[in-house]
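I'd like to ask some things about the structure below.
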């Protein structure tokens, strides 16, 4: 239902249409770029209509983050900044009272009220609306009722509007890091018109963020989307340019060629082929490198015979110690990755690079071979079986998988091989059906800057993204304790204790953290990269 | 005309040393060879043929006995410390991104690449060639069915088909060169079929075909004996070039994760792997691409020589 | 002749049903759950997934899915892709771009392939012949992702003669560089096919007759040798048009052309049945029409060829 009748989009963005006249139209943006201070940035075609709770990939995410403003925003270091929220108060980490600032409006003039949030969240959670990000609301009391199959309830009992500017949230259990999530796309407010025809709205969204669509045809599918600065914006993310045009690229190589020719202003990642040359290609002052909240791991399923029991535990440690992370991040990635010391990411508040037990992540080939031989003594590796690391060939993974396999071959004498899946969905199908015959590449990009986001969804017993079927009572208990801690700081300390359990059990082998490499053209300045690796577009100025 | 000359030779042959029956026996033995046999006699004197045959023999030798050409064992270790390094003693062509010996991989990769190229080409020519010849020669409903079937296969996306082929029960857990060959044959035959069909159509009404039919040669025999030999040239040209493109196509398939598994070394695998360090280390790409060129060149030369040898018009000169 | 054409046009009907059925079956057999993949690394919400499956008829058996597709087709509704766009709109966007790209590539390979092939054939064994052989070896042995990358880097980035990527408009002039890259591999085929045919025909009786009649060299070459040498070339070009349209995945990726190849690739990766089937159906029609034109050209090039 949601996805039908998109072609009959009725224009509703009156204000946006006025802006179109001011900007000279979306199609000839080369001309408008010359006279205005708009910038161009790389992007990909959003895979879903632009609705907050339905946008779960980077292509749509970076557009939504400019079109909308939530209760909070994250600054470049991942610290939360109050935006629409005047205050978010709680005494027990379970009941929150949220007060909104005055005078905030959507670009169609509608004021942003408590209902704008509550209605949007109820919409996102309700099963009948089939929103891909609905699980973000699962902590809110009443989520189970609205998200069940064939549910008739449409509102979560935990959400209550007190007045125009105040609403309360009751969670089903205490969660100290819950407020940290409120800057994520799924928690954005929606104007009333969004619920009348969500499909049409998703094609032509009306937001309350620093930017808005440049008119009716701002989104040229598969080509680009034109955003212009929202003149009525009063938040902290004040645009320093007239607009942002996201050009959609199917490969980073093409975008990089455009960047070199100054046809593109900002590129958020360097293609593999330019990894060794981009610094000299662009020259000093046209690129930056910064760790981001994304990591890469290898998941070895618990259900594999040769990785179960005591021998399995020894083998996991051996494999972890046999991988020369320093060398691979240096040679294969030329610094685009940073060796991992834990299961989270160094940009997250509470990160600790020296957790007890993290020696297991350091390269130690002699110890690795010893451990492997001990495991062999307990139960020998199956004759003729190769240790495979599965990866999807539609992403850039072959190089590092091959390098890791060579490391294991050289140091452990095991026949290690990459196993290419032609598509991501094939890999995921095997992973969710628990029918993997070897390890797979995994990784996590944080939705919001919190240690818990790197742990709970991945390693808690029965969690949705727990591909390896890991289960540990101690770990689960520590997670629960961390969530009910009085403050986020106390919570972080407990989450790090939980990580010590993981370092012993190694449900996954942490490899490295993503380092974003951002490059920009000769025409722009003030390019900074955010905590999640996405450039801070509103801050970029044209020279 | 050449027949006359041969007959004359027999007339001047010494009558006293051999009896007529023996003379006839010789002649009988040569008669079926008339076209192909003569082409062979003609072929083996051509320098083009000798050079290409020697080159192909060399390539086949490398494919069959790679260990004779390199000291590095087939499962030789690769060390990242050597990544993209230049030539070193014992490693004449330098190293790949992963620190593997370029020369050793070139040698060991010959077998898989040659097998994929040659087997696919042979299958495609046999399957596509015979379907195309039948379609072009008989026309009518047979042509309609074969040609339209070809149109459907032409339009199928290679990647879609390749993913499906890989899911077949016999390949699911055991991908090998046959997976790649099957995929490429399924998608390669329509091209040769159309080329053959076009060539057969242009020859089927030629005077010598009409004449042979008038002399009582059956329709099918006329196709095999007269039409096909005269329609071979474009087929040979397309096949020899396709041999090279099949080897490269294996690279593309591997690149998409639907080609050879990584433990089978091949030029295609190496070419696609070298792509990411193209500007940092072009040698890793140029060597396998060069080996591929030499292979294609030898088959193109062989094809040219065979075509020349088969061409009755050229022979008269 | 009219009856022949009419029959060929009628053949499109079974071809269309055969192709759509086959493609639908292949898409149905694709491994992996496309709906689960929409959730990315994130946990799959089964209730939401079930609803989406129902919406795209993915919960139905194969033959029902196919018949539903055909039923919608009768009302000119090609369905929606997973991002909610009508497939008809997608086709309307990508085919004009790709058509321009393919036509340019075809022109490039036809003109240069035939002219160079003709000269190489007439001067067989000479330096020109050897040079074009070398050039064709290079374009065969070096994959298009490398050639495309190099041309883009040199012409687009270093020399700045053309934009390195194709912009939103994807006009004719923007597409010249991608078209050359796309046509390079086929250029080698056209060149070698022309060369071989020319060599064959140079010795034909009618050529010697024409020369003996005292016709000028130019007339002999163009009217007698070239015209009779074109049949295999035309055959190849006819079949290649479709391949250029559907198989330009890599070239379109390098130059960021929003065309058929890229869309088809993404649709296969994502398992979007209606998009794949619709694109392939159009491609099949392109092949059928192109091959019909080729067959008609046969008769025009060689009067001995007749269709009953």
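We just call them A, B and C in the order they show up, numbering each chain from 1.
By our rule, a residue touches a chain if its C-beta (ideal position, glycine included) is under 8 Å from a C-beta of that chain, and two chains touch if they have at least 3 such contacts.
Small disclaimer: the values here were computed from a predicted structure and weren't measured.
K.L.:
Name the chain with the Cα centroid closest to the overall protein Cα centroid.
P.N.:
Centroid comparison flags C as closest.
K.L.:
Using the touch rule from the top, work out which pair, A-B or A-C, shares more C-beta pairs.
P.N.:
A-C
K.L.:
What whole-number Å value describes the gap between the mean CA coordinates of chain B and chain C?
P.N.:
Computed from C-alpha means, the inter-chain centre distance equals 23 Å.
K.L.:
Just the number, please: Cα centre separation of chain A and chain B in whole Å.
P.N.:
Chain centroid spacing, chain A to chain B, equals 50 Å.
K.L.:
From the C-alpha centre of chain A to that of chain C, how far is it in Å?
P.N.:
Computed from C-alpha means, the inter-chain centre distance equals 38 Å.
K.L.:
Mind pulling the residue numbers of chain A that touch at least two other chains?
P.N.:
273, 394, 422-423
K.L.:
Which chain C residues reach two or more other chains?
P.N.:
31, 149, 268 - these are the residues of chain C that touch more than one other chain.
K.L.:
If I count partner chains per residue in chain B, which residues reach a count of at least 2?
P.N.:
Correct list: 159, 163, 255, 275, 278.
K.L.:
Could you list, by residue number, the parts of chain C that touch chain B in their complex?
P.N.:
7, 11, 14-15, 18-19, 22-23, 26-27, 29-31, 133, 136-138, 140-143, 145-146, 149, 185, 188-189, 192-193, 196-197, 199-200, 203-204, 231-232, 234-236, 238-239, 242-243, 246-247, 249-250, 264-265, 268, 276, 280, 283-284, 286-288, 291, 294, 298, 302, 304-308
K.L.:
Touching residues of chain C toward chain A in the complex: what are they?
P.N.:
31-34, 36-45, 47-48, 50-52, 55, 80, 82-86, 89-90, 93-94, 149, 152-153, 156-157, 160, 163-165, 167-168, 252-256, 258, 262-263, 266, 268-271
K.L.:
Tell me, which parts of chain B touch chain C in their complex?
P.N.:
My answer: residues 139, 144, 147-149, 151-152, 154-161, 163-164, 167, 190-191, 194-195, 197-199, 201-202, 205-206, 233-234, 236-238, 240-241, 244-245, 248, 251-252, 255, 271-272, 275, 278, 285, 289-290, 292-293, 296-297, 300, 304, 307, 311, 313-314, 316-317.
K.L.:
In their complex, what parts of chain A are in touch with chain C?
P.N.:
1-4, 6-7, 27, 30, 45-49, 56-57, 127-128, 130-135, 147-149, 199, 202-203, 220-224, 248-251, 253-255, 257-258, 260-261, 263, 273, 394, 422-429, 432, 442-445, 457, 463-465
K.L.:
So in the complex, which bits of chain A are touching chain B?
P.N.:
272-277, 324, 327-328, 331-332, 386, 392-394, 398-399, 402-403, 405-407, 409-410, 417-423
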